[in-house]
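We call the chains A, B, C and D, going by the order they appear; numbering starts again at 1 in every chain.
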């Protein structure tokens, strides 16, 4: 039974900051956002969590194993090194969608993302009990993306194909399976899942193929932390590559 | 008449590298990708260009003003600081889509993105003539995204709304207007455009609203470089915010 | 009784790499070195250790609380993100100088710093027993450095004054008190100390004043980890500033 | 005849910031300082300048070729990405020591380094005339540092030897030859020189050997920019390694 601890990380009052007093150079904003995410990924990842860039001003992390002190330290570390601060809200739930929903509401209750007086809020409590199947991570990629797209199409058309596959995957996993999917670069998507079984993944892959004609495969892992579950998922995805199978689960 | 110089930046043999000899930790890949992009943004931006992360392993930059030596220096700088190398291909054309298409083909002709012997290739030639309307940049955002989505919905559902608006926008601009649109974080999309006029932008905004019910506004700038055109676009977008208009052009 | 765990971190075969096949741009080397150190500081610091840049190609860290797996993960993380790799050797001893001496010899025994076949070596074992006075950190600064130097002298002459004070301090602490001192920026020096008492610090400050006419003050902390001891030292240094005293110890 | 443009880069009110309201974690300060320097090195280096970390809160750069707009952009770029701002003062002179002296005074005249109201000051004017021997860069290293020190001594004792050689070199070049020397990592020192000839370098090397028993060699380059002069110096230093000579000049 999954019990995913999800943390919403939101840059405080970011929109107004980017245009006050004058719009700031896009190159500096892009650098700030991508480096801040890289630091979040490192700070969360060093304690075996996973972070996803999402919209960059709103990031989502899987933080099983991180307690309140770990979250405070991340806020402090970012506040000491960037011109912006972050607020965080966390919740653990068998449904990642529910967890993020509760965490989002809690943060919204403390004020708007564009409220200049709401800074470095921390809401929610870490999971009280932990087990070896708390986190289920699925690592998807597109079959032969390089041969079918990257090496043949205009890079933007390749990008559109990958993006369509991702968009349909994220929507379907959220609606049908209570799971959160994030694009992580190249032709890769990582999903933080509810307790899905092989048929649920096969159903998802079939839906994406039938809807937008993009062929996916997936490796899945379960563990106490996102890092361990995610590494298992990567190895299972390698097994898909070797065997030609579409779905491989690490616990079977 | 636009004459956009587009550079495709591709990490050499990246897919195989991420899983050889064993899959590498996702946290390290996320950090590598986002920092490498940040450095590309800085290296291109210091010479007034714009870079977009795209798929991270394939980035697209608007490089009017950067010559071959500037490109070689970026390759050298990245090669000196990262465990991976990049290949680049550039082309200038009145249609950004055509420019990227030609640049993509040229790079594909030198070998596969997963060919371990194809390293630090540089293809294509910089624009020979330059003028003050070479680059047209449009900066879109979602009307009241914070009030309608961020402060009210589950962050993932907000993300899905923003993503749907972006997906429809990128596809429509590419099909109907020969333009390339990139998500740049938050609720912002920056498009590198062909010579579009006010009615073309209004048509695009209407199409996105009618298709996926996402309300956009846009500020547009024209200049010799992406940096100047993009900064004008930001100021025009502020004028939309102040006046409530949907489209503002910097040259009218 | 102190029991400092010291880790020597050495970039493998770095000298030859910087000039092969041709000398690399200094700007890229400076960026590589300072970012690699910043990552070491973060990776060590997230687990409550302290890292010092030293010569940049050879860094020294206080790693009480980091086990072999933590060290391996740092090597892996750097290897995944930089074009160079690092070897490490650690040792715990009541004398920081002895600890670094043993760690240095162990690493030297595995091959030269410029041996191209010696990569990602890890030598030595973490401290087996731990206590709340394992680590003693002293934080020195120069009295009124801004008023006496920065705001009055040529910056280079200020730099020479600070450097002379540091040079004498590092040599004296090493010879007379088995302690390792590192410049950390501005007018600050942090020392990893053997079990020194108030008179030993007073003696050191007097020696530096008499020898190179630089006035120092120092705050000192003791704890299980460098982070906690170092933070106490900072608070004690604030007490020096407030009270005008030259030496403040956190445990009295 | 050299005409070195030197820029003093000072973090505004940095000391107080590091301890307000409470002392900040050393790990975050070390990360902030080294990354801010890395960005300065990149921003200056992309326009062919050299930057040296100095005391980190006060950095020195050789900026021949950078005009006022380039300096303003560096201030803006740092201000957009860090929680601190920087002030700058520049001056060109045949003597690097004089240039830095005038630049230092000009900045001091605008307020203290710890004046909270003095932010993002820019003082001084770029060199009006430029020639191909404006910048003379000398690249020193220690003969067989790896064999004699790194592979044989306690790393801290190696560090002390290197540091003593550097300290004597920086003091002597400043007093006897109006030149500024900076440690750049490993066993390397880069000096920004007045118009010194071969005998002046030989005299310096002899002085350092006689005074602190550290054997140096040096390659020297002259050019319009620091980047070109510095790269020539590196190649000349390689010639010293190959030929066993102590001094090699790029213009002979």
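The criterion applied here is as follows: a residue touches a chain if its C-beta (ideal position, glycine included) is under 8 Å from a C-beta of that chain, and two chains touch if they have at least 3 such contacts.
Quick caveat, the model's predicted, so the values are computed rather than measured.
Chemist: Over half shared numbers or under half: where do the identical copies chain A and chain B land at their interface, same or different?
Modeler: Same, since over half the interface numbering is common to both chains.
Chemist: Could you quickly compare B-C and C-D and let me know which has more C-beta contacts?
Modeler: C-D
Chemist: Between chain A and chain D, how many degrees of rotation does a Cα superposition need? Round to steps of 5.
Modeler: 180
Chemist: Out of A-B, A-C or A-D, which pair touches the same way B-D does, with over half the contact pairs the same?
Modeler: Interface equivalent to B-D, from the options A-B, A-C or A-D: A-C.
Chemist: Greatest Cα-centroid separation from chain C: which chain?
Modeler: The most distant chain relative to chain C turns out to be B.
Chemist: Compute the distance, rounded to whole Å, between the mean C-alpha positions of chain B and chain C.
Modeler: So the centre of chain B lies 43 Å away from the centre of chain C.
Chemist: Nearest whole angstrom, what separates the Cα centre of chain C from the Cα centre of chain D?
Modeler: 22
Chemist: Multi-chain contacts only, two chains or more: what residues does chain C have there?
Modeler: Residues 25, 27-29, 31, 35, 42, 46 of chain C each touch two or more of the other chains.
Chemist: When you draw the chains as points and link the ones that touch, which shape shows up: line, ring, star, complete, or other?
Modeler: Contact map by chain: complete.
Chemist: For the complex, give me every residue of chain A touching chain C.
Modeler: Of all residues in chain A, those touching chain C are 39, 42-43, 46-47.
Chemist: Please name which positions on chain D make contact with chain A in the complex.
Modeler: Within the complex, chain D touches chain A at residues 24-25, 27-29, 31-32, 35, 76-77, 79-83.
Chemist: What does chain B use to touch chain A in their complex?
Modeler: 8, 10, 14-15, 18-19, 23, 25-31, 33-35, 37-38, 41-42, 44-46, 50-51, 53-58, 60, 97, 100-101, 103-104, 108, 112-114, 146-147, 150-160, 162-164, 167, 170-171, 174, 180, 184-187, 190, 227, 230-231, 234-235, 237-238
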